[in-house]
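Two complexes are shown next, each including chain A; its partner changes from chain B in the first to chain C in the second.
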Partner chain A sequence: MTATSAPARPRPAAARPSAAWPAWRLLRLELRRSPMPWTFPLLAALFAFDPYRTAMGYPAVWTIRASVLPNKLLPDFVVFVVAIAAWAGSRDGRRRTLDLVEITPRPRWAGQLAAWAATTIWAIAAFLAGTAVLYAVTATQATWGGPPWWPVIVSCAELAALAALGFTAGALWPGRFTAPLAAVATFLLSLEGFRNAVGRSSAYAVLSPTTYVPGNDAGVFYRYPPDVAIDQLMFLAGLAVVALGVLGLARSSGAGAGLRRGAAVAAAAGLAAAATAVGLAGTARQALPGTGRPPSATSPLGMQAAWVIPALHDAASDRPLPYIPVCQTVAAVPVCIHPAFRVFLPDVTAALGPVLREIAGLPGAPARAGQAASGSLVPRSGQVLVDWTPEGEISGTPPVFSYTADQVPARSFGESRRAFVTGLQAALVAAFVPAGVGQPATGAPAVPGRRTVPAVAARVAMQEALLMAAGVPLGTQRYQGLIQVQLPRAAQAQADAAAQRFAALPAATRHAWLARHLAALRAGQLTLARLP
Partner chain B sequence: MTTTGLRAPAPGGPAAPAAPSLRWPALRMTSLFLASRRVPAALAALALLGLVMRAALYWHWNLGSTGSAAQAVPLLIEAGAGAVIAVSTYSPFGEPERATGRWLPWLRLGTAVALTAAALGALAAGAAAAGLAWGTLGLLRNVAGLAGLGLLTAAVTGGLLAWIGPLGYLMVAEIGLTAGWGTPLLWPGRPPANMPGALCAGLVFAAGIAVTTVRGARDSPSE
Partner chain C sequence: MNIETAGLARRFGSTQAVAGVDLATGPGVFGLLGPNGAGKTTLLRMMATVIPPSSGSLRLLGRDPGRYGPRREIRRRLGYLPQNLGYYPSFTVAEFIEYFALLKEMPSARVPGAVAAAVEQVGLGERARTKLRTLSGGMLRRVGIAQAIVNDPELLLLDEPTAGLDPEQRVSFRAMLRDLGQRATVVVSTHLVEDVGAACTEVALMHQGKIVFRGTPAELTARGVDGGAGDAPLERGYTAVLAEARS
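Up next, the complex of A and B:
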């Protein structure tokens, strides 16, 4: 047997790596090479100083705490994610290694996607770490409900979209100035989105995840509608796919004809998703939860009302969420609060107690006090309702005093406990003895007509007197603007004097006088001269 | 025959190539230096930022007309200018240039100062008669401070990553402006006539210029 005739040894089958393995290896390499982790110390410092600090100044209610994620934490990431993605995208062009990487077996697009994914993964990991800290601390403080996930999902989608846009910019224009200019442009867009969202320039402004802070009780009485979050997710995901598709269509992507077709289809699908989201945003409208009522000039909380998009709206969001109120009896009146605001019950009882004791047993005095959803109270003519005092109204049989949690003490809003207490007292007093003057839409003090001044002055004097009896001096009432009726100067001086006289009377005398004259006072039949 | 004796061309041999005519060697060196730092592109970027400043003030892109809200967008554009100046310090030649460039420190100094002046000019032109909060004096202070910060960052991270300094400072300053932090290290939050703030910005600029002149941007092999 010669070597010629010897049977050839069969070639051992090479262990072919699975298709997923090189992709994972590529991603792992890019994860190791990404400069994103170098920004983590600065991002951690920014998180501690801004989003975390702000969130801890909010009431421990899940929805409002979670609003920090898109409003504070996300903007801190914008500059770094875009700049580093642009930096990573411009790498081959900057180093003039395009010719080298284009001859590799895998299309360059695959490598670019891996680099984009690495930047996105690091950014999202850092974002989720901040979210975890925030949610963990909130979990130890919140007394009701659970963490909302839509803000987290939308924020992660924005990070992915920003990284895609930055990466594509870097790959298409691989210059040294691309990274900073892309970061500046994107941050400018982010600021503009925020400005338009807060300023309500148009319905399209709802596309900006960074927006205003929701009301204190958002997501408490009614589910916070996810309509806008779904629309934003569609828009941001569409943008990301468009950017990555454009990357695949570029000459430097090294993609073959089939892959280019795939990139074109992806870009078109992304564009369709983004365009659909823009179209849906145009149909967005504000509605007060559970009422379907749009905010109006007489609705003090219109600014913070949630947006709904009819095509995405789930009617289940309008049904009230079940809860068992937490109550404490003060002056024989049960004072209740939503369990999410349980920690504020002592403040509420401290506020309402003195006034309830003063008016106990009088006609129209509340038999119960309970918290209502923001915006659900319709101001009646004559109520003292301004946007810096809590809403309140007395209604029903037996009468129930309903108040809102708009101004619960919160450091981030500059709301002190003292202001909350006096504001709540003013709301109860105003609901008990309405001044009889309509509140202007602007929030400016109500001005009575010339003919009604004497009757209004008597009711204003009674409001002042009841507040003084509850321990709120006249000076504090003026300073905090608790009485929102602007009387002529002379009438105001007379009302102040009458209020001081009435407040100086013994409690039993005050009570007896009110029992006899309250109906006439409310009907506008009494003037200052008739007050004791 | 060895090469030892070949000190001069042999008589009758081929003539040495004629040296290129250098009638304006300093000018040529300067133009090459500026080209290596992409100064024309930097000037274009600064002009673009000036236009953005104009547009922002004309169309009221600011978050508000007073206080910290009026500072947000101008400060962003000023930080962009600082980042452009910082990134322009990157040299593609590294050590060979250091070894041979006798005039290199002066060229670095001149370029950094000239780009800062160009940034100030572009942004001031963009903000002219458009109601920039705190006026040209505030602009001068902010641009100088941010450029100095960028130049200092370039000495640490290398030229291409030097944008991290001004943009990182921007984020801290935006938070500080909103929260009302009073430290002079956050000079954008202080009125332009405030001496501690101006002093901080001036010191940072002087330090950045000094470091750039003496050392230049760090040569990072990863770039």
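Up next, the complex of A and C:
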């Protein structure tokens, strides 16, 4: 039918503003025509190549797998999301539809919000699809616990906030280069710039989900602390509202005085929320996971400490989560592990077995070995720090060897099984025969004072000998830095020779000698010359 | 009167695009003629509330477009086809028109019917689900006309609406204009004087930002009887008036 043959339309009743806000119709149109879905094949490929592959290399522990969301999936997605949002925001400028959209009675801002919402909804849908895949696979493999939702929530908030910033940039500076520039700027500012500007160890680093990732055993031994997530949510929501509010305040928004006031109030509220979040981040302090206590000044556990924001901190987060450990007996000693790390029990027993057999029945030999939360082995305040290592300690009556949780997933973070096994053996040996010299906070090898060298050398030799007896050659010990005490060159050579002599003795002879001299050795009363 | 202007002027930097236009017109099809740079598009953009006037007064549909509330009421009753129509290539014909129907605050329930009617009226019924990126220039022009008329406007402003239309489409379009002119004020800016002769009830000729002639197409034709260049009588009237204005 053409215009000539079309019947003349009778004029309907004068158009009245629709009573119901047809936002859903606009949104439906924008969802249908958003360019975001065009990026899905690329995002899917990226997901398979980076976050999924990384996550599958991690142990099937919910928190560790979930750390991939802000650490890998979000940075991979965010650059594309910002670019597409900027592209969508610049649409009217690029397509020269400004004359049309600026003269409609519905403010242009409404159409812009619909376009932003469509981009954001698609982006979040893609992110949630990736999350669903990761979580679904993890659900079939995890042996304890459930999926943490805070990383998902803050990641979605970051996608929405950066999409708002990108969209606003596109709307204010429309052009074909806005989108790629926004993507590059996001990469440089949000990821690298932010990291470099505030530093990974700065309290302000907690503002970005991609910069701050909670410890490995958050949500395992104690609750997932929501302090930082709430602060991030406040910051990101504030940024999003500011960006969208600025869009409403722009001259081309078509908003009336009332709507402009609303946009101004929203932008101010967003700014206040973001500023509050920044202020709260400034009050963040590091605390040992699950304890709320600050880490010791000499503790090398800084990386394992969680950030606590006092104003948002709920003491309930510090309460330990109940669990029933999974155990296996080796050399008559039960070796236990948190059920979340059940898959590593064979590795742990394989590591501790040879050493436990070597020291079974000796004074101070552990009657049990168990896993402890990261940072939980830090000495109490005022206690002299001697021979504490982050990997383990022997304490209590009967003696229990505790090794830390952060060490176990390290097995999967690029560390070979052999390195993991020898590391745990070294931790047990160091806890059983303390070298008698403090561990520096930097994690560098401890250096004994000149007067203490002879006594320390005997204990270092014994550590080396026990490791050799457990099957770890001296060369491997040296290569992996398993002995964390550095002796003077001559003393080290003597200690190595003594260790080799002792390790070459029959097991029964070694055991008998240790039974007689262990107390004196630990007390620093024996020198290398007294070793057989 | 649906359009009332008095001393309406618009300046862009040192360029005086519109220099004091006095105009009053009611329902009917009003043709705006003039050479390139005469100020037709600027005048139309002011009437479409795209840009405000630098000076003078403008009332549209009895309201002052300088104030937000009345401007919104005007826009609800306005249809506008810009000279350079921008469009979203990924939208279909129907989606593009629906998008503007929604932005024009049409009641949700009326939108689907109005979109279908507008698409039919411009003869694109069979292409309603076609993506805009695949349409020819003439078809895109018809999409632009459809989005302008979808809200059944009381004031319809069309800037070069027939540019790119083939002769058959132009004939159809003129019939549509005559139909719309029965109920609304339609202002058509064009270079094509035959469009004016066929569809307009009144015509104004602009030169250097001013209206130098206003009358019926027959009156314009009459001005060319004693001179003027052109193949058609209306063209001779057009050139005669322009020559007089330039002298």
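Everything below uses one rule, namely that the second predicted complex is superposed on the first by the 477 of 532 C-alpha atoms of A that agree within 3 Å, B and C clash if a C-alpha of one lies under 4 Å from a C-alpha of the other, contacts with A are read in each partner's own complex, and residues count from 1 in each chain.
Everything that follows uses one rule, which is that a residue touches a chain if its C-beta (ideal position, glycine included) is under 8 Å from a C-beta of that chain, and two chains touch if they have at least 3 such contacts.
Remember, predicted model here, so these are calculated numbers, not experimental data.
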Item to check | Partner chain in contact with A:Pro22 - chain B first, chain C second, else both or neither | outcome: second
Next on the checklist: With both complexes overlaid on chain A, does A:Gly175 touch chain B (first), chain C (second), both or neither?
Outcome noted: first
Next on the checklist: Contact-wise, after the overlay, does A:Thr104 reach chain B, chain C, both or neither (first, second, both, neither)?
Outcome noted: second
Next on the checklist: Applying the document's definition of touch, where does A:Ala257 land relative to chain B and chain C: first, second, both, or neither?
Outcome noted: second
Checklist entry - Residues of chain A touched: more by chain B or chain C? => result C
Checklist entry - With the two structures laid over each other on chain A, which partner does A:Arg489 touch: chain B (first), chain C (second), both, or neither? => result neither
Next on the checklist: Quick check for you: in the superposed arrangement, does A:Arg32 touch first (chain B), second (chain C), both or neither?
Outcome noted: second
Checklist entry - With the two structures laid over each other on chain A, which partner does A:Phe187 touch: chain B (first), chain C (second), both, or neither? => result first
Checklist entry - Which chain A residues are contacted by chain C in one complex and by chain B in the other? => result 35
Next on the checklist: Help me check something: in the complex, which residues belonging to chain A touch chain C?
Outcome noted: 1-4, 6, 8-9, 11-12, 14-20, 22, 25-26, 29, 32-33, 35, 91-92, 95-106, 110-111, 256-257
Checklist entry - Taking the complex as given, what residues does chain A use to touch chain B? => result 35, 39, 42, 45-46, 49-50, 76, 79-80, 83, 87, 94, 175-177, 179-181, 183-184, 187-188, 191-192, 194-195
Checklist outcome for this item: chain A partner, complex, touching residues on chain C are 45, 48-50, 68-69, 72-73, 75-78, 80, 82, 84-91, 95, 98-100, 102-108, 110-111, 117, 120-123, 125, 147, 151-152, 171-173, 175-176, 179, 182-183
Item to check | In the complex, chain B residues that touch chain A | outcome: 38, 41-42, 45, 48-49, 52, 56, 61-63, 72-73, 76-77, 79-80, 83-84, 87-88, 90, 159-161, 163-164, 166-168, 170-172, 175, 178-179, 223
